[in-house]
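Each of the next two complexes has chain A plus one more chain, namely chain B in the first and chain C in the second.
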Partner chain A sequence: MTTNSNAGKHAQTPAIYPAKTKAQITIIFFAVIGFYLYSMIRTQAEMVGGFGNALSDMWRVMEKFFPPNFQVVGAIWPAMATTIQMAIIATTVAAILTVPLALLSAQNVTTFKPLYYVTRTFLNILRTIPDLVLAVIFVGLFGIGVFPGILALIIFSLGILAKLISETIEAVDMNPLEAMRASGANTLQMIFYGLVPQVLPQFTSFVLYVFEINIRASVVLGLVGAGGIGLVLDQQLGFYNYPNAMTIIIVIFVVVIAIEYVSNKIREALI
Partner chain B sequence: MATYNLPPKPVKSVWKKLKAGLIILAVIALYVWTFRGIEIDWGRAMERVIRNFGIVIPKLFSPDWSAVGEVSMKILETIFIAFAGSFMAAILAIPLGFLAAQNMSGNRFIAGIGKWILSGVRAFPDLILAILFVVAVGPNAFAGVLAIAIGSTGMLGKLYSEVIESIDMNVIEAMEASGANKIQILFYGYMPQIIPEFLSYAIYRFEIDIRASSILGIVGAGGIGTMIIFAANNRNWNEMGLILLAIIIVVTVIDFLSARIRRKIV
Partner chain C sequence: MIEFKNVGLVYPNGTEGLKNVNVTIKDGEFVVIVGLSGAGKSTFIRSINRLVTPTSGELLVDNEDILTYRGANLRKLRTKIGMIFQNYNLVKRSNVLKNVLAGRLGHTGTLRSIFSMYKKEDVALAYESLQRVNIAEKIHNRADELSGGQQQRVSIARVLTQKPSYILADEPVASLDPPTSHQVMTYLKKINKEDNITTIVNLHFIDMAMEYADRIIGMRAGEVVFDGPASEVTEKTFEEIYGRTIREDDLRGGADES
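Presenting the complex of A and B:
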């Protein structure tokens, strides 16, 4: 019947989406564009000369960074090493502390609901605070140095790690554990032969992932006085010594890429 | 009576044992290097914390409500920075995503170049980019927008290219076979498959950018970070408490909204 009626008129392809959806999408689209334009106007308000002027200036200014002064690589390496060491210590401590926290925020382990919700909320709030803000506060508490930086990294990575690992624990297959209990294994045996083998590869992979995040975070911690290469970068920028600053940025770039490459290879091998 | 034997333990080859040993050795070496290298002045840190704890912590939990106006203006600016930056990145990442997708560029070499560009961009921490842009365009919010835009492009481009690589080509082939032209294939073949995922990733990146843009002010790139660094330098912990509260609220609300929108889209 429909074919008959259509044959009379000129064959018209029916629209895939209903008119209402189309109208909605159009409105959302223009709202997003409008908000974007407004954001652009607002963020450029303080700029002298506006967007065009700044862009033409940009290349002229960027030239100040080149050529980088590679003679200082030897001098900045100790600071870079400190940065890596901070990330290693912070990741290790966070990996240890995360075990009880992850267990507490896994629904299948913590059957006591209020406790589960309390740890979940605590972790959620912890994750909203940016690492550098934590570092600023800890520098205020402990004074300038590596210790507040490490502490900030620990707290920051704890939030991420505990969430990821609690999700892994929640996804554990409970059948092998039940089978073990049925054949007379005690709780310790159940944990070591049933739970640990299921969680360990994921756990290691997540710890490495958080280590990557920590490396990126620790290179900038020094900007607020929390130790590491960021401190040197801040000083060099303060002296307007741009070639040295560029060298530091390149060193950071190379180290971050190298560590991510190795960590990625290990994670691929694990899972 | 039958005896019950445990199943034999799996035999590990020499190579595997050697490998495990080497890995353990490497990890131990790494830790030795770490703990020998790092110097923490425990005495000073403890002395400082005993002196400061009573001053800082109570003040953090009693926010200075008189600064609400200023803090909310700066938080708004932070949201603007994050939004403008993510939006620019969401657009910029499209060509890069297509370039880095192997099934689109058709050439392993070109796709490889695209992937290298993207991972190169990703290796820069946002704050380092912000430093570069502050020098380039001056200490204002727009430097922050550019830093967020470039920083997000790296991640979005990679995620986009993965989406494009997972496109179901059968649909495209079917359309080609039934005589659709290029434009029709683009609109009815490719776009319905990739747009929801693209949008979802862009919104997810916006969540991350809200966090990132809240600290950009530390290097002078606008947003609430400017206030953080002032409050820290003036040891104005009451104001810091309010800033912290504002960040926690805004990030939580945006995470919540974004999760709901993303669930609707995909």
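Presenting the complex of A and C:
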């Protein structure tokens, strides 16, 4: 009975999407496919050649890395500790500097439009600079060492943190803040009493997340002379001392996994 | 004493919130403002603590025109006017005691409040306020663990902790069920009588307005269309205020259940 009447009405059943939307999506889909095909044809020669050579070389290179020389673990540990310290200092400083910047770039707190746009633009520019470029600039300015690495990490993580936290602030429930304003509280009191409790769990979670990123980033920064384990790795590769390099890579791997595990557990407990 | 003298308010988008309002509210009165949604009840109430600013006329609170107030003056005015909201407006992640202490913010220095260094008597006052609304056993619970009626009681305790001379309540029972609504209104009425705090409540339930108000002010389209003691009000009066016949959903009911 029901099926019959449905079959009868079939011609009148409306489509889920209007015909115009369907046509648009189809055109976009084929345009994207076409773009992939075109770029494949343009680059195919180099890609296949590249893979072919790499595959034949791979075993030869890999053999040099094994077995890793685990006797150097004791010797590289101080450098690894330096890398972790860099990440800790940079994350801490960035977490502190983020607070005013995130507040100034949140539309619901900074109602004075020009100030909001200036901070927002400043943060956007900050985020467009890659961390490696920052490190190269600071190493050029301050010389090889830990300090330029920390500076690069601070600016790099400030960009990410301020953006993430200002968006959290904008999603906050403004009603309690209105209640506090109605009872004569000033802006600072409203922020500390109404806003901070709502943002704190996410804030902590983001800081831990940025700390993880900073550990990995500080390894890479070491390659351009910004101190820590990356610098040692670069030296060992430079001396063609592959077993030592392999040990360093394994140590980095273990440390990063351990830190990610711990910080994941903390974040799960927070949210 | 609150005096509206020819008060008008035009919102930036051109909507007229208030039109030539003239009302005097004496100390200790329990006034209920009735009207349909959009009639200007909220605008009226929020003008008194300047959450919105009227664009014409004079608004006197304790014989001072508050429309010129800014900054510190405005905050001082707000410390003596407590406000209760439809959605309770508590910080959901904070505990009950901390939410109630927020009522003291206007009386507490910025540094002191940031580090939660409240005076002993302030904490005692907050606890006493919670006892008055019978929710003292929940002080360390998070606000979002409480039911709607409990949250509204916490927000009443917050207002009590503020030690105000006036209480404004903007649709305090609109999100509650009938028995809880009556409970909340009973607390407001009790506080009004015991502490002699002038109380102005927005309601759209006519039976509740008649039951609790000393005086009823009716509003329609930004104008005051009725102002008189609750004893003079009949269903006929409400039909004039609303501009239509009274319907089932204009009544809260449940008065005998509480």
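Rule of thumb we're sticking to: the second predicted complex is superposed on the first by the 213 of 271 C-alpha atoms of A that agree within 3 Å, B and C clash if a C-alpha of one lies under 4 Å from a C-alpha of the other, contacts with A are read in each partner's own complex, and residues count from 1 in each chain.
In the analysis below, a contact is a pair of C-beta atoms (placed from the backbone, for glycine too) under 8 Å apart; a residue touches a chain by one contact, two chains touch by 3 or more.
Model, not experiment: these values are computed from the prediction.
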Partner chain in contact with A:Val136 - chain B first, chain C second, else both or neither: first
Chain B versus chain C as contact partner of A:Leu115, first or second or both or neither: neither
Which of chain B and chain C A:Gly194 touches, first, second, both or neither: second
If touched residues of chain A are counted for chain B and for chain C, the larger one: B
First (chain B), second (chain C), both or neither touched by A:Ala75: neither
Contacts of A:Ile249 with chain B and chain C, given as first, second, both or neither: first
First, second, both or neither for A:Ile27, with chain B first and chain C second: neither
Touch list for chain C against partner chain A, complex: 49, 51, 75-79, 81-83, 85, 87, 89-94, 98, 102-103, 105-108, 110, 113-114, 155, 158-159, 162
Interfacial residue positions of chain A with respect to chain C in the complex: 173, 175-176, 178-186, 188-189, 192-194, 197-198, 200-201
List of chain B residues in touch with chain A within their complex: 30-31, 33-35, 37-42, 44-45, 48-49, 52-53, 56-57, 60, 77, 79-81, 83-84, 87, 119-120, 123-125, 127-128, 131-132, 135-138, 140-142, 144-145, 188, 211-212, 214-215, 218-219, 222, 225, 228-229, 232, 235, 237, 240, 243-244, 247-248, 251-252, 255
Complex contacts: residues of chain A adjacent to chain B: 16, 32, 35-36, 38-40, 42-48, 51, 54-55, 57-58, 61-62, 64-65, 81-82, 84-86, 88-89, 92, 124-125, 128-133, 136-137, 139-143, 145-148, 150, 216-217, 219-220, 223-224, 233, 237, 242, 245, 249, 252-253, 256-257, 260
